[in-house]
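Look at the two complexes coming up: subunit A is in both, with subunit B in one and subunit C in the other.
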Partner chain A sequence: MAEFVFFVLALVTIVGALGTVISRNAYASALWMVAAFLGVSGLFIMLNAPFIAMLQIIVYAGAIAVLIIFVMMLMDRRVLNNKERFNPQYLWGVVLGVGLLADLSALAFKFRINLSHIGENLTLNGSNTKMIGDVLFKRYLFPFEITAIILLIALIGAVVLTRKDINT
Partner chain B sequence: MLEWLSAGIDIVLVAVIFLLVLGLARYLAPKQHNPFKSQVYECGIFPVAEISQFNIRFFVIAIMFTLFDIEALFMYPWALDFKELGTLGVVEMFIFLFLVFLGWIYAYKKGALEWQ
Partner chain C sequence: MSIVIWGLIKFIVVLLLISLYVLFMTWFDRKVLARMQNRVGPKLIGFHGLWQPLADGVKSIWKEDVMPGKAYKFMFWLAPVITITTAFAISFVIPFAPPVKTASGVVFHFSVVNLNVAILFVFAFLGLSSYGVLYAGISSGGSKYPFLGAQREGAQMISYEIVLALSLLNPILMSQSLNFETIVAAQTHHLWYAFYQPVAFVTYLIAMFAVAGKVPFDMPEAESEICCGYFVEYSGLKMGLYPFAQYVVVLVLSAIMVLMFLGGWNGPFWDGGFVAGFIWYWIKVAFFIFLFTWIWGTLPRYRYDQLMDIGWKILLPITVLNIFWTGFALTIGLPFF
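And then the complex of A and B:
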């Protein structure tokens, strides 16, 4: 059963990723990307990592995809039609992709990852979101507060960079 | 096993309803392809020119949206572990929220959120 679930999720992810690359319509491409993210999120749930699965949905399928569609709302769509599907440098992308696949296959071979272990729980038992909270707020409290400062700097940086245009 | 089965039934049900509604819309809705549809959305006004530059305020809004999204994300493990963390957890979280909120105050004071 778990194998079946895994293959369905893998199929969703791969079809979504292919759709993102192949689709000529930028809107459809963004929606295919959301499908791929949902597939990845399902894979994280299979690995008993509900927090990362939720992060995948909230940050990637939520924020990032919304931002991309938000930009497209402002962009003129006609510019994108009647263009080549791939840009001339796609060959380098193919080389990199094949290289990465070979690398991952070599790793899977080296660590003897075989398909019969699909869907088996390889991590901690039960909800580890609570454990993340426990570690984050006790042991790694200082780095956690530093995260807030990094977020603060990102926002201040955005305002400082655009200040000139805002005040005109 | 049973968990996957119930999740699978749920997903199949959602997919069936989704495709049903989509198919119904495809069958019932009028279809007209015209150049106006692919125009930039301008609240119904005819666009004056092609957009080459858009307002920089959109960028600040987008950054803020992403940041507060990430901020909210940290509240999930906190909420689950709320009882065990006690008062200290509340204080820690509010320091975090305050630090991020400072950025919002800065943006507000600088007028980044105002549209003339």
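And then the complex of A and C:
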């Protein structure tokens, strides 16, 4: 049962990721990406991390992917349909992807992943949400605040860079 | 294994009950709106037109299914499915009655799954539900009104979901839980959170209408501006799925309002026991469902820029300040917190 759920989730994730890259239609591509996010969040639940699983859907599938689609909707439909599928720098992507794949397979081979343990945590009730809060806001408060400020700087930077009527 | 079987039974029961509720709600909406506009409303089929929704349903099944020539076929078919799936998914974490302790000491929950992260689950699937509308607009093959409606939905959903989440953060902070039943239990022995958090209560109330896409914030489907917006190109049963999902979302948002702010199944008097809790809970939920219809028949629609101004310039700063205040009050331990 648990293995079956795991393989379904893995299939959703991998097919979604492949669909994101392969699909010719940019909108379909975005939808495949959401499917991949859903699969990943399912995997998080199987790892007994329901909080992170929910954040994965809220932040990535619910907000970021919607923004991506929103930007595509503002572009010209004809431009979007006639776009070249590969930009000249695709070789770097290939190198990175193959390298990552080799790295992960080497790790999997080295640590001998035991397939009999997959999907042992099929409940959503392991409540580590409180623990995450405690660790983030008590032990690692300072790094957490620094991260927040870095994100704020990036946000303001984006606004400043894209606004044309600012004279500094 | 019994968990799986019980889950399946609850799943089917909730599915059927909510479908029945939606059928009844279409009749109720039309009756209330008719009364407000001094009309009679549906009256011919059955007792005061009670079987009208069934007749409408049968009619919409036999209608011709039109698809625009330039539509993206698969996405056009998928968009209503996404909408209805996510709407039902949210309803599965909502408790429909107070939990019951059985004789053997096991607590029986009246929700399909009793999650510890239920509120996050609701936000997650509310966010996903905007895909159904976005893709309805995109896949309609460059048709203009659906496209406009979908863009509006995207912007409105992103803006108001933030307000919704930040308003609900106050009860979460006070009860230190993300589980609906725990939050209701935290309101049992003192006042409901609406009295501690009047500002969050009001901001949630406003954001609720925007997230459900109901009047006065029904921008994505504004009939008189963009003639029903995102589902212009849909027909038959596929078109029917959009209002269907909207009714489910209305029920869910009303239930969350009651659970988070109005003490769930606690009443002002005649408290305790399953029956009392059940009745109090559904009285309160029914009031908010009625409120949606009431405001539909009363208020005009806001302009689109007004909607954005209200969301970002008024509600968002207020909710953020309110969270600061709640945190402050909880930290220094004010007598009422």
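Basically, the second predicted complex is superposed on the first by the 137 of 168 C-alpha atoms of A that agree within 3 Å, B and C clash if a C-alpha of one lies under 4 Å from a C-alpha of the other, contacts with A are read in each partner's own complex, and residues count from 1 in each chain.
Operating definition for what follows: a residue touches a chain if its C-beta (ideal position, glycine included) is under 8 Å from a C-beta of that chain, and two chains touch if they have at least 3 such contacts.
Quick caveat, the model's predicted, so the values are computed rather than measured.
K.L.:
Given the superposition on subunit A, are subunit B and subunit C in a clash or a fit?
P.N.:
Aligned on subunit A, subunit B and subunit C clash with each other.
K.L.:
In the superposed arrangement, which partner chain does A:F51 touch: subunit B (first), subunit C (second), both, or neither?
P.N.:
A:F51 sits against subunit B and subunit C alike.
K.L.:
Let me test your reading of the model: by the given contact rule, A:Y27 touches which partner, first (subunit B), second (subunit C), both or neither?
P.N.:
A:Y27 sits against subunit C, while subunit B stays out of touch.
K.L.:
For A:A148 in the superposed arrangement: first (subunit B), second (subunit C), both or neither?
P.N.:
A:A148 sits against subunit B, while subunit C stays out of touch.
K.L.:
For A:A61, select first, second, both or neither according to whether it touches subunit B, subunit C, the two together, or no partner.
P.N.:
second
K.L.:
In this superposed model, does subunit C or subunit B come into contact with more residues of subunit A?
P.N.:
Higher number of touched subunit A residues: B.
K.L.:
Report for A:T129: first if it touches subunit B alone, second if subunit C alone, otherwise both or neither.
P.N.:
After superposing on A, A:T129 lies in contact with both subunit B and subunit C.
K.L.:
Let me test your reading of the model: by the given contact rule, A:A158 touches which partner, first (subunit B), second (subunit C), both or neither?
P.N.:
Touch status of A:A158: first partner only.
K.L.:
Tell me which partner A:I69 touches in the superposition: subunit B (first), subunit C (second), both or neither.
P.N.:
second
K.L.:
One more residue to check, A:R112. First (subunit B), second (subunit C), both or neither?
P.N.:
neither
K.L.:
Subunit A residues touched by both subunit B and subunit C?
P.N.:
51, 54-55, 58, 62-63, 66-67, 70, 73-74, 77, 127, 129-130
K.L.:
Flag every residue of subunit A that touches subunit B in the complex, lowest number first.
P.N.:
Spelled out, the residues of subunit A in touch with subunit B are 1-2, 5, 51, 54-55, 58-59, 62-64, 66-67, 70, 73-79, 81, 127, 129-130, 132-134, 136-138, 141, 144-145, 147-149, 151-152, 154-156, 158-159, 162-163, 165-167.
K.L.:
Under the definition above, what is the set of subunit C residues touching subunit A in their complex?
P.N.:
Residue list for subunit C touching subunit A: 72, 74-75, 78, 113, 115-117, 120-121, 123-128, 130-131, 134-135, 137-139, 142, 147, 150-151, 154-155, 157-158, 161, 176, 178.
K.L.:
Which residues, counting only subunit B, touch subunit A once they are in their complex?
P.N.:
By the definition above, subunit B touches subunit A via 1, 4-5, 7-8, 35, 38-41, 50-51, 54, 56-60, 62-67, 69-74, 76-81, 84-85, 88-89, 92-93, 95-97, 99-100, 102-104, 106-107, 110-112.
K.L.:
Which residues of subunit A touch subunit C once you look at their complex with the stated criterion?
P.N.:
Of all residues in subunit A, those touching subunit C are 25, 27-28, 31, 34, 50-51, 54-55, 57-58, 61-63, 66-67, 69-70, 73-74, 77, 124-125, 127, 129-130.
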